[in-house]
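Just so it is clear, A, B, C, D, E and F label the chains in written order, and each chain counts residues from 1 on its own.
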Amino acid sequence: MKAYLLTEMTWPEVKEALQTVKLAIIPIGAHEQHGPHMKESCDAVLATEMSNKLAERLYPYVLVTPTVNMGVSIHHINFPGTITLQPDTLIRVLRDMVWSLKQHGINKFLFLNSHGGNQSTLSVACTTLTHELGVQIYYAKTTASAKEAMKKHISSTLYGHSCEREVSEALYLAPHLIHMDRLEKGDIREGQWRLLRPGNAIQGTYQYEEMTANGCIGDATKASYEAGQEMVEEALDNLTESLLQFL
Amino acid sequence: MKAYLLTEMTWPEVKEALQTVKLAIIPIGAHEQHGPHMKESCDAVLATEMSNKLAERLYPYVLVTPTVNMGVSIHHINFPGTITLQPDTLIRVLRDMVWSLKQHGINKFLFLNSHGGNQSTLSVACTTLTHELGVQIYYAKTTASAKEAMKKHISSTLYGHSCEREVSEALYLAPHLIHMDRLEKGDIREGQWRLLRPGNAIQGTYQYEEMTANGCIGDATKASYEAGQEMVEEALDNLTESLLQFL
Amino acid sequence: MKAYLLTEMTWPEVKEALQTVKLAIIPIGAHEQHGPHMKESCDAVLATEMSNKLAERLYPYVLVTPTVNMGVSIHHINFPGTITLQPDTLIRVLRDMVWSLKQHGINKFLFLNSHGGNQSTLSVACTTLTHELGVQIYYAKTTASAKEAMKKHISSTLYGHSCEREVSEALYLAPHLIHMDRLEKGDIREGQWRLLRPGNAIQGTYQYEEMTANGCIGDATKASYEAGQEMVEEALDNLTESLLQFL
Amino acid sequence: MKAYLLTEMTWPEVKEALQTVKLAIIPIGAHEQHGPHMKESCDAVLATEMSNKLAERLYPYVLVTPTVNMGVSIHHINFPGTITLQPDTLIRVLRDMVWSLKQHGINKFLFLNSHGGNQSTLSVACTTLTHELGVQIYYAKTTASAKEAMKKHISSTLYGHSCEREVSEALYLAPHLIHMDRLEKGDIREGQWRLLRPGNAIQGTYQYEEMTANGCIGDATKASYEAGQEMVEEALDNLTESLLQFL
Amino acid sequence: MKAYLLTEMTWPEVKEALQTVKLAIIPIGAHEQHGPHMKESCDAVLATEMSNKLAERLYPYVLVTPTVNMGVSIHHINFPGTITLQPDTLIRVLRDMVWSLKQHGINKFLFLNSHGGNQSTLSVACTTLTHELGVQIYYAKTTASAKEAMKKHISSTLYGHSCEREVSEALYLAPHLIHMDRLEKGDIREGQWRLLRPGNAIQGTYQYEEMTANGCIGDATKASYEAGQEMVEEALDNLTESLLQFL
Amino acid sequence: MKAYLLTEMTWPEVKEALQTVKLAIIPIGAHEQHGPHMKESCDAVLATEMSNKLAERLYPYVLVTPTVNMGVSIHHINFPGTITLQPDTLIRVLRDMVWSLKQHGINKFLFLNSHGGNQSTLSVACTTLTHELGVQIYYAKTTASAKEAMKKHISSTLYGHSCEREVSEALYLAPHLIHMDRLEKGDIREGQWRLLRPGNAIQGTYQYEEMTANGCIGDATKASYEAGQEMVEEALDNLTESLLQFL
């Protein structure tokens, strides 16, 4: 299958593609610890792979830009290797990307994000840049819309980071991210973080090591290629269906 | 009942209160259109009233600061009278407030917000300021945790702005905000906004007039004092219970 | 008497009012200690009340916006409860307010300020925003122009904060701000601040506690409703006369 | 007479001087039109000369830094040659200067300013930098304290820019700034600016060409060396007396 | 050979590596047109490959971070597909990266940059961040020090972008970047840019299309694997030798 | 000879000059230690003198603005008296100057800089402001193009600050900057700075006192008026020739 990937193209190829392209997908990941069994580039790689697959579905109407390979990860900073951008830095990078692509005639954008810690910054970026630059911006968490497959494959009540969901996605999209011989269940610690999880009366910031000693939650040992395939493909179906209505 | 309200106190009274106070509630609202039947100060007033009631519950451990009476309302700007802050401006105001209160020995904060459009900015503020100023910050949407009362009293599928929920809350907390003789159901327009509502595969920005001609959604004519009372009190129960574990 | 107060209006009412409104009054106060006998919201409340009265005089040509209820109060920060904005934060808030109101067709603004500590920041804001946003901005200290009434009613040589002038104004405009049973004269301390008062060869910053132990200057026990009435009404006469020439 | 002028010194000389120096005088001027008879560098030159004379009086306790030779002059921008800094730019320059000098052990500063348009920005800078950098900052308008000499020598009711005051000062301090054969009285135009002059109920921004066709106010033809000498020396007396109490 | 590549590691592996690592290499590239024969990700890929090879040489004392895959490319913006960061954005990204890695105990950094348009921004970043964050920062253009191999292999007088140098480097480091069947010599246009090239009396900005119609300079058809190998290895020798003296 | 020097002109003279002026020369210097034999204003004075001479050559097509008399000198901050601007501050000053002059119809600019520490900041400023303000900006190091005279007169291998080059220039342009009776050769210290000098594989920041104990490099005792004259005049020839092609 074909897809317009900006990193793989020459300028005459881009010029040709711009005759049909209406929307740019900007893959947004993170560089942060993913427990003992996943590489720290996990989110950046998964956002890239999802973007590429979505671009295949929407060929020749979209292109994929270079990946924003670091994100807002301050809650992981106490695990070795994590790099975090300030929210304002991430917004500035996105402003420059959107501005540049607008010079080439693109006026619609999808921020395709694989990292939960980026979501509120992307919401702010979407509000701000839409008005400031006069463009249309959408954003999505990569596989959040795969509700049926998640119900089927995920049994942990606390999941979402280097868990059966994420490892399954990686098994399907980028198995090199995983050390299969080191898969571990989340080593959960008790603490006040439980009071701040989504669904509680109040929200707030806590550091990841308060919640988990090994940097994982959920149960990575339950991951499978099939679960990954079903979640990714269901999400791609949903993303494709939504975006087609905006092209 | 008693509550520490900073706007009503002299400095010797504040000095006395600081012997027990551990957390400051910062009420955050907005100034924006609320359809033909509610005043534009609605969110600022409701945030203030909720904060005051919560402070009664948590006396003498919390105080209420002056209200942030404008917020992020760019999606309402095309309705007369709406004023919007840029997200970065709101964060700066909150930084200055938290910094100031820290000088007085307060190290815990609750951003109590009544306006959905502020939520992602507050999430970013919470992440940023917690680390920058070395304090603990929590944030909450005023009545979002009143899940049972909402299930009981709200029948509209699309609600959340000048609807039966918000008008009911106002009937209980601040009835002067409402023109009971002008109550109107949302005058919904069809459009692409439906594809961007929470729960869809992608999110994005749209202007409120694309969704509703009169600036309301839901059905304000179904509002009642009782519904408001139940939602507000259930939310206060939940907020109180959560916060007590952090004091 | 009638006045257009944005906080009290619905959007259809604002739409109607905009047919005659040419200028927006932005009340600007502070949240800071006012000695043992006045509430810390003093400046915010007085700015609001003055704005409302001025709007009555100038009906239907002006409207009053929400109040900027915190200001530049770093010199009071060592008294419990004081909250201060950085000058740059205050300017950003005003920029956003002016920008928003310009979207509704308003091109003239009055910053009506009750707090001396805001004056130079407002002068900078006026210069900056007038050019940046292409509007006309004026600013005034609420009762500074009431020169005759002040000469008649004020005997202290050092006055201007929770003194006979301010308490008199509050007696007329917002008596709930005052604890009449706690009125105190300023408890003045000697120090280098005297060398920096207006009229000296050099100016500079000092903290309020260097000047007064109880947070007051002047003599609040000499305040009266009549003095307040005369100062407020003389100032309103002057403000009205000036503004009428700009409408 | 001797004075420590940083621009004229080598580093070993500065090292020696720092054994007694306690305060740095930062001369602040502007680059703006001064009518047909004065050079546009007028304010920068006068601020420098005043600073140097003041440093002679206060030798060996003060030094003079390089001159900030441009300022806030947006109200003159429509006259050819005027250059204006944004207020925020001027504050940043001063922050960097104060920070640098603090590295050399200086903790007290006088912003000695010759240009009215800078005053509110300097007030904001003083408030901000005093707290941010932990230093003591004072500011003064060069000859504003020469009240007796001004009463004696100035007859114009509207003066303050390229008028008998400023030209007299220049005759005494820097006569090369003046074209004596081109001296002109201010060519005053009528307009709303009169309503915004100091002493009126409201203040605001206007462009200088609204007020004067030739860029002057007052009456430069009445200037004299003697008037300049008396104003400058009276001001120096006052500045010296004040500063001695802070050294 | 072994090298510490942060994108390929888990946090326990990073923790182990940090026992010997003293310096982080930050690869910095660009996303911009590279003529008809090279992919737009060229600079990002070459910076990454050079960093990885250098890390092998300096194992176990350095690690390689994620790549900054966009840079300052405003001069290429008129060629389809180019994305540019503002210089200030690039500095902010680097500040966040250096800050993050400092949390993990790393205090020395090399910005290894493949794109000429980034050099002055990196010089500013180096000066600024060294002092602001209290670390040691070095920067280098990837192969600039390979003077002997360049003298031997490069015959064009105007070269440096998608030329024999860059294509040779890619042939050795990342041949997938090149379309060998489309190699073109630079299609040079005459213009004032010649007056602004390095070595002239004045410098300045011009757009790349003023200089070359196909986006290349030099002569890519003269590129070879051997030239690339010699330039890269000579540069690696020099970089290794220099860095060893700082470890 | 004649030259348009903005500091020496009245506005009617500027108005007249603008009929022929096409480019503004902005002299940019620094305030920093220059060893025991030169005044700290050296760079600011030399930039001014060079600009004035260049303006004579290019009369009546250019004018000279006020001098930016401080620059980026953080590497000299440990020598008494040095003042440094942050790079961002310098860019803001230049933005305001260019913006102001554009209001007067000038669209071409030369940043004529005498201080090496400013060069990369000026390169960034040139790139940024050219695009942001829609003008043409060039920049040059004052005498860098005098290659023949330098080869003839400079024998030190390490030179460039208060050395035979700079002292010679000053002997010709501004002899009052020099104490001839204190001329010293650079008192060079050994250290890692050698590894970071131009021409090495890596660049980086070091403090000047690591390199030289007396703040000089090179050998000032070899300076002469003739060397200065030849370097300055050769550079002026080159600058004039280049600029004539852009006017």
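As a working rule, contacts are C-beta pairs under 8 Å (C-beta built on N, C-alpha and C of every residue); 3 or more make two chains touch, one makes a residue touch a chain.
On a predicted model such as this, the values are computed, not experimentally measured, just so you know.
Under the contact definition stated at the top, no chain borders both chain A and chain E.
At the interface between chain D and chain F, two copies of one sequence, more than half of the residue numbers in use appear on both sides, so the contact is built from largely the same positions.
Separation between the centroids of chain C and chain F, computed from CA atoms only, is 49 Å. Computed from the mean C-alpha positions, the centre of chain A lies at a distance of 57 Å from the centre of chain D.
Once the centre of each chain is set as its mean CA position, chain B and chain C turn out to be 27 Å apart.
Multi-chain contact residues of chain E (touching two or more other chains): 86, 88. Ring order, beginning with chain C and continuing to chain D: C, D, F, E, A, B. Across the complex, chain B is touched by residues 72, 74-75, 86-88, 110, 119-121, 123-124, 126-128, 130-131, 136-140, 144-145, 192, 195-196, 200-205, 235, 238-239, 241-243, 245-246 of chain A. Interface residues of chain B facing chain C in the complex, by the touch rule stated above, are 6-12, 14-15, 18, 31, 33-41, 44, 65-67, 69-70, 77-86, 88-89, 92-93, 95-97, 100-101, 103-104, 179, 182, 215.
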